[in-house]
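Chain nomenclature is as follows: A, B, C and D, assigned in order of appearance, with residue numbering initiated at 1 for each chain independently.
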């Protein structure tokens, strides 16, 4: 829950003594009131993660600019990676889809309801099937068909669109093309994929058939950041549901759609609220 | 919930028309009252599975023997695999353990409480650490230490014990030796293992370290029948729990113990109540 | 999963010996192949419940009519309440809504995807807000505004619409008017309501505020049949999710919408597939 | 996960600007390294909650004493309620039981495994049945039989034992006597009860029979702090599991025991790790 005057400060850096004191001392000196704070030190990777929600006494844009400029000095001292964002400002999101519409429909519905504080700047697809669903919501639909010859070109075009639209987050909402390693690297930390399986259970194609063949009693879905290593990016959220012998592959796929919706929507929300930090090939999530 | 006069009939056979009618017609003719019945036809494997709980009007052992003899005639007609057991009779169970005691303690506690209608005929271990825990419950403890030279001999001895003790079910309650293919085949359908992972997620050793390294947000445990293909036997039950970045491998292992207890106890109970049928490399479970 | 030639027989009656044999013997004699069967005897209420999926050798409508006529004779003998329905025929469903759209949108989406084998014959609302959502799907929208003076008339009109449209199921998809006892009785067993709480936890108004005030760590939703006793009808399905102290009432309500969708969709599907039997103020559900 | 040199600082106070800065500035000045920190401001109650794990550079007892003395000055300025404890020091816990042993056995097992960092200073019971279970673990068992005439005296004696044994936490592990309002007040914030129901669902006696009669599809258990208002104290943890129509009251009770174990053990662990803060009639839990 946020009000227009709440800001989010996120910080990552190598672990060291005095960081929290330096940050919170700075905010106190700047007349900023801390409403929620979470901090975690990963002792394995020796990294520090911190998320602070605060309210400045003076919320003019000049005052905020000044806070940012002043904080840059603190940041340099501790080699902090940091960001200060207005909690009320919608995140600019680009969705990518193919033919399956369930994740798209679910994300648009949640945005509409106010569950997801985002602006969908455009929807990119390698197919045309979902054009009308997108355009009837007044959102721009861009088709970038992919074949064997044009894949690199279309990915380059996609990256241009990300830049042009100033998208801050790319969501692969059942986009069925594998992005090149190079593109993945360029979108690192800003691109979420939904994997239609309970990773690391069933990688690769047709996971619900794999689940059926293996006779599992639970199926799941996994939302993760995209990295160059396919299906191996840092996991943000997983969902799971109980099944039994009466579920044929189609039934598993139907239930799987619910699980994919649920995991993806939660991951997008956590990201938008700046609650997720990448920590090597894992995530730190402040809920 | 059963009373002394309830019997369980389980039937497996190739799918065909008229089987249910033949079976239930037989029971009606024998003055047997059906209290609960579940049937399933796997259309993929063309197999028929049925579990019937019934109460004979006459419960003398002669009458039951007579029912069994008469039913053999019906069974021959449809090439049924079948079993009629007294629901109240405890199943004779042999437990196998190594050093970890959580599954052992949990199973003994549940037996004691009446949750598991079984008689633990003995506990076999390749170590001596759990002797006192077992013997203070008045249960026979047999140590069969395993080294590189005697593994085949000890497995043979173990199978002898199964026969001598007339064990109907062998439970690998965190028994850390891999049984030979031959032994697995001999125990097919009557040996349950608990795998300390959410199969097929993390096969092999140290699954909680694997889970930690992968940064999963859910961990689980899997109870399955033992087959010659390690960790690939038919799954009976899986349990799962949510975790986050603060769980170090030891925390995952501690939570994992609860999940293993839960999945194993449920699987043993389902087996004892004759609710589980092996169907290829899957199970049909009538809950 | 069904094919056009599969039928569902559901039976309820007072418990007695020989019923299963009589039913299955009849089906065998009629050359009907049983693919799935579930039966349960409630020993408390002395009632018998049975659901059988079968495939007749001859699927002409004459043959089916003949089976129904013949079965009526068996039924009379055991005073069975019974129904034989074509599993592939969509159930005729009337939805009732007010202003909240999440359950409506979710049900229509699932129907569209083929998860719910139903035909939405019309949507009735006491408000006009959801007209466009309904009509753009090509479904008839009927507004029956309710005020203090016309409530009985509008309910009578609603019951007429049920009859005219031959609706077999009425789903109160967040319909915010309380139906009269008399109307509830007339819709007994064919009207499902979603209660926005984990019954019997928080009855009455504003359950998410109640949940917040009580500081619960889990919230839920309950789908149940409507009876004259408000919020006390037989429960079909409940869903639940973990929450913590950071959830304000609005957050609880947002999560609650997901839980309501999930519980209602599952209940509707179970009902449509004839898996639910009312047993006093409880349900027997064959999953 | 803690090491011997980690300390936990917990703070509660009225919300105000600069508190976090003052606390973390103090710790930095004292050469204390913060490893984990969580903070939450309840905007409804205007209360501030904070939990910090830190490692002092100097871990001599003199140095720690000095930190405590110095912090008292900071605390006075902001009217903080606070505590600094050595994370490795076991919490002194007194268990209270009646005849049911499952929570007792489970807590002792988890303590033994190292999941619960506590020392069980004694077990108090109004019955003698569990004496041997307790004493064979080398723990003192004290029987305080309760009848109509001596209840107040025995509660007074119980409070004396709490004082004598320097118990920091009292766990009602299925203790079946209702404590007087006065005793509850004296144990406020240091006494955890397990309620054998999914509160607020089924208050009062025989909750599993109530659950059966109501036909619920989910049952649960609730661990909460004891207050003078029976079953209404702040909830710490709730557990839940799916059930169906085949569960008779005894089956529900058996499953309920698992749920009670799970919820109680989690609540005790959260309390021992100082992760729970009472906030009016709710709790803030930093997981």
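In this text, a residue touches a chain if its C-beta (ideal position, glycine included) is under 8 Å from a C-beta of that chain, and two chains touch if they have at least 3 such contacts.
Labels paired with UniProt names: A, B, C, D = Formyltetrahydrofolate deformylase.
All figures in this text were calculated on a predicted structure; none of them were measured in a lab.
Undergrad: Could you name all chains that are in contact with subunit C and with subunit D at the same time?
TA: Touching subunit C as well as subunit D, we find A, B.
Undergrad: Going by the average position of its CA atoms, which chain sits the greatest distance from subunit A?
TA: B
Undergrad: Hey, how far is the Cα centre of subunit A from the one of subunit C, in Å?
TA: The answer is 37 Å.
Undergrad: Could you tell me which residues belong to subunit B and also touch two or more other chains?
TA: Residues 36, 40, 244, 246, 287 of subunit B touch two or more partner chains.
Undergrad: For the complex, give me every residue of subunit C touching subunit B.
TA: Against subunit B, the touching part of subunit C is residues 17-22, 24-29, 31-41, 43, 50, 242, 287.
Undergrad: How about subunit B: which of its residues touch subunit A in the complex?
TA: 40, 42, 198-202, 213-218, 220, 234-238, 240, 244-246, 279, 281-285, 287
Undergrad: Tell me, which parts of subunit A touch subunit C in their complex?
TA: These residues of subunit A touch subunit C: 1, 36, 102, 105, 109, 113-115, 244, 246, 248, 250-251, 254, 257-258, 262, 287.
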